[in-house]
Structures are given as C-alpha cells and as structure tokens.
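Have a look at the structure that comes next, please.
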C-alpha cells in the first residue's frame, strides 16, 4: 500500500495548476458552494469532526479554534491566514501557493463563512515575489468569478522580512501597521485579534486542507493519519538526501519511510542529525528514524512536529556550525521586545562563535546550558524558547563534538565536504 | 458612599501571606501591598502593561494548577485561589530574575560613576538586590554613539537603555506625542526619533523622569549633581493653574532640578516641561535685593528697609490708593493684598486680573466660580466636555492629560468652540465647532449637555462679550458643571481671597451688608467700604484722570494688558509702591521698590483651578527675602493701620477661621454678544492664545526649553490664503494702527474670517505690537 | 523624488484595501521603494501625512523589517541564503564567492549600481538548496559558478531567468511594486512547480 496520499498536492503536476481554470476543472470551488449553503456552525462541527489540527506548528484543533469566536456579538470578525512561512527548513506553503493558490482562497471562503467573517487577510512573507504574483492574480480571478466579493472580501498583505511575524499576535500587529512584536495574551485573538475584534489566525496548509474536508466529509479525513493526528500533511525533505522535495502523506509516517521512498541519504554518507519540524524543534538523530511523525509521536520523543520541515544533515556537517548559524538567525530575528530573547541570543552567538572556533573550556558548555535555561520559558514568546532548542538538543546528543572543537582549538570539519557541489569545486 | 462596597475584592496568597485586593489588580501591585518588592523595569502603574523586561517573573498557581513557567507579575491580574511565589519563596523565580538581570547587564555600560542616574537608579539598585556580583559575560558589548540629542532639552544614551519602553509608551499613551519610538529590531532595537522631527512634546520631561536607567537625561540637569548631594522639598508648581505636585531639588541654595510629584487626584505622576524645566528665572533674572526709594532728583536709590517702608506708608496715606496684584501671588499673599486694600487703604479698588478682563467676567467669577467645587474627578466622570476659550494643552497642560486619558480609555467626547483647530484638540479627536473670533457665544446655544457634562472655560472667555453669560445660561439649562481655568497659578486663590473689587475673602459679596459685617468683625474693623471697587482698567483710567493718586503693584506686567500705553502712563503719574522680585517696567516707574521672595524662597499655597490648596515649603531656606504679605503688613504697621499678617502661617490660619460665605451669591447680569464686524478683503479678525512655551517671564534663562517651543506662525484658512495669494511658509503681515507683526504663514483649519498668531512668542508679541489679541479687526497682507 | 498625482492615486487605492488606514503602511513602504528604490525621507513624510501618523511612527515600522532599505540597493538585489541548511550545502561558499567576484561586502552595492548583495535567512525553498534570491525571485540549486554567472548577467543587462518565476527577471523597483500588491500581469509565467515539489506526487503515482 502506498505510504503517500496526495490531496493538497494532487494536481500540482498539471502545467496550469495555479490557474482558476485548472482549479475549477479539478472540482475547485464546489466545496465553498456546498459550505456556503450550510449553517456556519455545521461547518465548524464538520471541521471539528475531521480532526484537522493546525499545520503551522502548534497542532491546535482547527475547528475548536473556530468555535472560540463569539457568535452573535455584532462585531466584525476576521480571518487571517498566516503565510509568513519563515521557520528555517520550512518550505511547504510556498510551493503550495505557487502551484495552487485557489485552494487557499476557497479555504478562506469556507472558514470566513464558518466564523462569520466578512473580511479575510492573507499575510504572506515579502521575500517571494512570484508567490505574491500568483496569489494576487488568483484573488483577482476569484473576484471576477464571483467567488469573492459577494459577502467575503479577501486582502493579500505582503510582509517585509521579519520571522517574528509568523507569531500570530506579532502578525496581527504587523497587519495593523505596527512593528511586528508579539502582544500580551490574554486577550487572545479569538476575543480581541485584528483591530481588537474576534479573529482566527490559521496556517496556509490548515486552511487549504478545508475544501477537501468539506467535499469528502469528516470521516474520509478521519480515516487517514493516527489516533490523534488525523489527515494528510506535507512533509518537506531537504538537505543531504538524494532527492529532496515535498511528500504528502498521512500523519504518522516516519523519516525512515520517507527516506526509503525518496532514495535515502546522499551516496556514501550517513544520517547524523535532523530536525522534525524546523530549527526551533529539538534535533533528532539516527535513533529517531522510526518516530511516527505525528503530533504525539514527535513530542513523546522529545521534540515537536512543528512544520514537518525535515532538514537532513549527514556526517560531514559540523553540528556546532549548524547550531551557531541557527542561533545567528534567532539573534537576527529576535524582535527586541523582551530581555531574555534580545540579550540572550546576542550572548549565545558570541559563546557559540568561540566554541566553533575551538575557544573556551568545557565550563562554557555549562554556561551555555545555564543561559538557555535563563531564556527558555522566560521570554515573551516562543521565539526565545525556539532559539534554545538546537543548542540544548545538540549538546545532549553531540557533547563530544563540542569538546573536540575545544581539544583541537578549531573546528574539526571541512566545510567543503558538506556542500552539495563538493567535488565539483575540487 | 457605596463605592467601596461595589469594588469586588479578590483574595490570594503571596509568599505565604494572604492579601485582599480589588479585582483587576496586577500581581506585582498586590505584592506591594504586602511590602514585597518584586524587581521591575517596564512596569509603570500609569502605563499599559507590556511585560517586556521580564524582570518581575514569579511562580504562580491557580487552584492547584501551576503555570508551567514563571509569569510576568506586571501583566497578570489577581485571581481567586491564586498562590504566588516571588523570589523570596521560589527558587525558580529567584533564578529567573537573576538570569534576566544578568542579561540586562550584559550590554549595559559600567559607567555608573559618570551617570546622572547613579545613586537613584532602579537598575543599579535592583542589580544589587537581584543580580550577582560577578559577570559571566566575556564577549563584546553593544556600543552606540554616545548621547544624541533627541530634542534641545532631552539627550539619549542608547547604550544605557534597557528598552523597557516606558518613554515611548508614555509619549504615545499619555501625551499622544509619539515622536519617540522603538526603532530597529532585536539586539539593535533602540529608542529614536524620525531624523527631521525632534522629541518636542510639552511633556517630554516625564519620559526622562520615568526612565529607569540613565538613558534619557535632561540637558539642564546633566552632569550637574549627584542625587545624594541634593536636598529635596515637596513643592507646588507656580506656573499654571493645573496645580501640579512637585519636588524641588536644591544644592547649596540653588535649585538644580524639579520633578513631578505624585498626586493621584491632580497630576498623577506627570507634569509639563515648563513646570519641570523653567525654574532658573529665580536666579537668572537680575534679582532685586535691596529696597529702593525715588529721591528728590527723581532717581531710584537704594534705601534701608525702615526708610523705604516709611516712604511707602507716607505716599499711600497721602493719596487715594488702589491695588493691582498679578495672578502669580500665593493664596496667602493675595489675602494680604486684599486685607491691605480694605484696612490700610480703605478701598475695594483692587484687581488681580493683570490681563484682558471684563466686568462681565468679574460678575461671572462672583456668581459661578468663587467657591465652586468642580474637580479633575468631574472630568474623569464626564459624559462630555465642552472647551470654551480654552486650549488645555497650551493653557493648563495637566487638564489636557486628564482629558486625553479619558479620551483614550473611554472615548470621552470633547467639543471645542474655537476659531482655530489646535494640536491639542486634534489629539483629543475633538469635535471642533469653528466660529469667528467674538462669535463664540452664539455657538454655545446649540450645544446639548447633561448634568454629567463639564464646561471648561478659559480666562480668554472674558475677551468675547456675552460668552461667559452664554456659558452660565448653558450650565443652568443643562445642569452641566462649570470649571473656570485661568492660566496663572494664583488667580483662583486671589479670587477666593477677595483680591477683586466685588468680593471680600471667602466669596463674600461686597454688596452684601451681612458679608461685610462678617469680615469687619473678623478683622476688628469698624466697617468696610460698601461699594464695589473699580476694576483694573478703571483703576488705570482713574489714575490717569487724577481721581486715584497711588498704586500698590505686585507682580504685574503692564504689557499683559491691551492698554499698555495707558498703564505705563498711569505708573508714571501715580505714587507707586512696587513689590517685585526683579526690575521691571513697573519698578522703573515706581516711587518705592520693595524686593520680595520668589516662590522657591517662601512657603505658602496656591489654589489650583479646582480651588484645591497646593501648599509648599521654602525649598531654598537661607535667603532673607520676605513674602509679599510680610512686607504689606510692615507698611500697614507703618501707616498705623495694622493688618496683623506677620507670617504665612498667620495668614493661613486667619483664612481658615474666616470660612466660606454661605449666603446668596451676587448675580451675573447677562451681557449680549457683540455683532460680528463686516470685513474688507484685506481685513481679518485676530485671535490668539499664549503658548505653553513662550516669552513668559518665568521662562527666562531657559534656552534649551525655549528651543522646543512650537514654531511662531500666522495661521489663515485655505480660502484666505487663496485670496491673498499666500502659501505655507510665505510671510504674512498682520497690522493695526499701533503696529505690525510679520510671520511665516501656515495654512490650516481656521475660520475664514480669522487670523491666528501666538500671543506672546518671539516675533509675535501681539499686545505690545498690535495692541489687540482677540476679536479686533486687523489688516492682513502678504509680506 | 517628487510623487506624481498618479502615484498618489495608487497610494490612495492601497489605503482603501484596508478597513483601517494604518494597515496600509507596509504596502505603502513597498510602493515607495518601487518609486524611489529605498525608503526615502520624502516617502516617510508622505506616508505619515496620508495615514495621519507621526513620522516617528513610520520610521519605527520601516526600520523593523529587513526588506525596507535605508539606502539605494542595486537594480538587482541578490540575497544568498546562509541559514544553516543552505549555508552547509554551499550557501557560505556562494556568498564568499560573490563577495569576491563583485568586490563588495554584505549590504554592498557595485559601483555601477547594478548589483547589491545581502546574506539572507531561510527563504522557504530548502528542497532547492542552496538558494539565491534576486529581487526576491527564486534561483534554485545554485553553485558558486552559477551564482557568478547570474550576477555577470545582471551587470551585462541580461540576467538568466529565475528558476521558478517570471520569464525575465525584473528590477528591484518592479519587484517592489509587485510586493505593494500591484499586478504586473506575469503571474502565469514560469513553472507551476519544480521537480522537488512534485517528487512525492510522482512517487505516489508510481504506486509508492
């Protein structure tokens, strides 16, 4: 039996898959028609029943989130789609939107109807010009076709380079025209989100999953996946593998299975470490090849499913260098609001730079871990927490490698060996 | 009186102690109630919680459910069944706090020895209580260019900043002047301005005061002193009628800085930059130190006190005399002038209104203001506030802050009846009712108010005939409360003290025989003059016509009146006894000059616009300068008509023992509005107000402060600009028969018939240059 | 640069997209970049005026986001991903190679004003690593040599087309207009998906 189950990706191989013609040809905009004829509460119930959980990382049940929106409050409600895909390793929404922007638009129509929103926004990161073009055109075409504009307005909002805007309250501040810094919660967006009105913020993949659920029913969706992680999802394989790419499969597939399907680690090399869901999720090693990649399975193994960004590194990769680079990323992307994240990432980078250069002593590792302890759970939002994940997990699995740097007084790895064009440049 | 019962109380346990606090209280403040100090930086009780610095982390559980990680106690309201463990009882909280402190210090320079904040620095103090002695940081600290001027008055040292965002939140949430913002991101985040727009807020000093480190400093105090060398005295602001509680810090007899005091019912913890940074006048002005008497040759020469007092007494005894006292006298001094006029001079010819005024106003004050009890609290509770001839941000800045608070917190509706839309009203998103200067009264009749509404009426209302009558009518028909808000700190006190021709102390009408008997008895006098006295204008006229021969003048600038030429002539003509702190146009023409103490050198009180006493002690103790009332008392003794006011305390006691008049108030005879003049194409009606920062005498010597004042411009409407062919920035000349001013034009929201210019700013001193300031027809032309 | 009536009309239409005007600040900043090439003071002042904000508030926003530039960039702004995965797989070598080849540092611009260079964070194309972005268009699976060829093409006025993007690489200003939400009619150009994107689907169809 096939391990893969293309639903979102089912028609991506058609040359014109991104056009409204192709989408309609493949049955698009039927689900929204069906949903609009349903009572909004019934739509919410259906999505609840399907077991769909947020694909942005936290895995919160989507239908339940929709159900939090107060009804009959005579206030405007808003739907905001988080398309600010920026977590290192994460590359699922971008290809989805390039290949099929209409499925997101249709999902927006259904979700807006369910939560009684007349206005929806897609907040997309700004560093993807062509994706912006495709989405913008798709929205125009959906307006022309009458799918939008008859009670539901959809606005594309383009970001400008800030990872933190993937955090939902920072995203809302950014969308309101402020610096994208996280807000205090409570109030939660369901009560006071965009413009202080009840707001649902969902990931692209979550919303894009909705039309098929409406079309095929909750039971169909429920039948896929594992006990508490239902349906299919996009796994993004990258790094030192023979064939990187997108793999849509029911939740619960393992990395071993994906590697077997796709051809495995690049020739002559072996798996060293990997991220299950982006750089903010604690690292895994070869011992985790059989961990079911669903919310519970990954969590039980000490990490998080996150965005299912499977970044694979082989034995040529220096883990200290990898972690340093991620830490530099967190320092660059820290919004600056809270002390632990702002100052902590600044300091972490300096310590890690020294360690990568073989400077320091084992006591610095203890200091590094203590510093992580002072950042983790002390920061305003999860960015600070995420910054500590690669550090603490890498020291857990590769302490000797850190010490080897100190013993040698330099990095023991040849950076050329880990490049894709190793050999080509030789 | 049921308000206490209406507040729901919540019980919780902090570090093992139970405490009950009102619902909505934040954990950090519930802990304060128990005397438990949780360290903090970004937290400020008057700013919205932000939870940014993370210094106040504590462990919390609610009904047995523990939060998985420590929580910022400055952002979490108490809940029933909450158990809080602070650094005192939780190892996790203690380590979390120590960890955050270490991170805050990683990039903080060790320049405490040269930092102004050293010795009173929350970071320094909390690093001692919460930090560790040794740093583990071996890296490179973040550096920035050393202090940069974000205005001529405020300097920013970004290296010291802990990014608590108190200053930026103050500017946005309290002052509505978001000229400073957090810029950049992450470790490079910093407070900053837009490069072409300095931090020129009237309230910028508060940002300096609430900075928990030495990142923001005021130019006037920077590098001047160490906190522990200063002697602090609680004081009251003498600049305006808002009534700010203040603290004056003095070293070796010299005021080095003034800070906003904490009075929740008045200024909360704020003040304006004038109150904070305009104090050098005390030393900057060429102070008078010795009495002077005009000799036989007509030259003022120094004299001993006995000689000067004798000369004053003789001159006053020999003439029919009157009293002009400016609006800056303390309540006690004003009482001294009031009693001196009645007992020593036997006259009701006294007026504290050394400014444009009217008899309609005098009657309005006696009928609707004296003894009135409208307060800031009424603004807090108002359903609507109507501004009449009053620009709160310019003329009583704390009233503006209070209005702004109500606007931001509960969308208070503010309506302004004015000729020009002001920056302040714009910030309040006020409903601007545009009227021609002089036509304000007509606009009042269309206002719908309730008995929850408040009418804030400024002293400029006296400049439009019929306006105060219309205010009284509207208040009567709607039940709305009236608050009269003069500009100067002493005017309300002077009114209550009877330093005006129609009132005796305590609001007693001169025209009421029983009221006169009351005071006569208290003063052990046979009787008091029974006729209402002359007003200031009439007094000047009477001098010039010869029916008054002598004047006692205290704290009056003759140029504050429209008829400055007549005033100067009168001062030349009369026998003048001048009580002053510095040489002025009055002392130059006086026969006897008696130096008096400045506010910081004496004790006393002001009554703010609410009528609330604002008492203060001498901040500078070792001068020999005497208060006005002490000197008046000595003159009276010399005249053999004692007023027995040897000390401020004696005056205060006497005022208290007199009590308030509980009889009928005198009536206001309604005045009707003047007809609007018809204009030729080159004519406009002038209007103006004094800006907060201008050429006011008490701002002398404050160049940094003056540099933050608003640009001097002449404002005309787009329609008039079109007809004159004037664009923004072109020069515009406003002229009368007396003279002219030429200013850069600003085209904006103003009545088409009007032209506006600041009343007393550099290049625009309307009363002396044009002789008019409101309601008069002037010529306007492109220069 | 002075703004024309047409520019102002466009800005007005951008503001009208939103229920509350302040939300338009980000597209307006992109739009200013499409006219001026970077966030000019004139742009900040105009946006403040249009949105009834203080200039400091606009500054606060414009300095938060890395895509808003304080000084002119090249006609072609090249971003080399040096986040961990791309860096390890060749991004570091590409970035070093381009710095050397162009003779500029990070955030530098070539003297002819054609090319500017920046190392960027993860751009959501990890299955195409190492990735280079030019005016935020994808150049997938790059090598040091292909990246040098790319910038040489830019300087010669004929850069190769993006791997997944329009048929021809536009300028920085043109890209900024797209990011401001202005449709340039090129959405239908280019691939719908690259090989890695389709890998799972292909395998599935093969019955795997």
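Order as written gives the chain letters A, B and C; numbering starts at 1 within each chain.
The rule we apply is simple: a residue touches a chain if its C-beta (ideal position, glycine included) is under 8 Å from a C-beta of that chain, and two chains touch if they have at least 3 such contacts.
This structure is a prediction, so every number in the text was calculated from the model and none was measured.
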Pair with more cross-chain C-beta pairs in contact, given A-B and B-C:
A-B
Centre-most chain, if every chain is reduced to its averaged C-alpha atoms
B
Rounded Å distance between subunit A and subunit C, as computed from the means of their C-alpha atoms:
21
List the centre-to-centre spacing of subunit A and subunit B in whole Å, with centres computed as mean CA coordinates.
55
Between subunit C and subunit B, distance of the C-alpha-averaged centres to the nearest whole Å:
52
Shared-contact residues (touching 2 or more other chains) in subunit B
182, 184-185
Two or more partner chains touched - positions in subunit A:
162, 179, 332-333, 335
Of all residues in subunit C, which are in touch with two or more distinct other chains?
60, 64-66
In the complex formed with subunit B, which residues of subunit A make contact?
162, 179, 184, 331-340, 342-347, 350-351, 367, 371, 373-375, 377-380
How about subunit B: which of its residues touch subunit A in the complex?
49-55, 57, 68-70, 75, 95-96, 99-100, 102-104, 106-107, 136-137, 139-140, 142, 162-163, 182, 184-189
Would you tell me which residues of subunit B are touching subunit C in their complex?
177-185, 192-197
Subunit C contacts subunit B in the complex at 41, 44-45, 53-60, 63-66
Report the residues of subunit C in contact with subunit A in the complex, numbered from low to high.
17-20, 22-27, 29-30, 51, 60-61, 64-68, 79, 82-85, 87-90, 92-93, 120-130, 133, 135-138, 141, 143-144, 162, 164-166, 175, 178-181, 183-184, 186-188, 190-204, 207-208
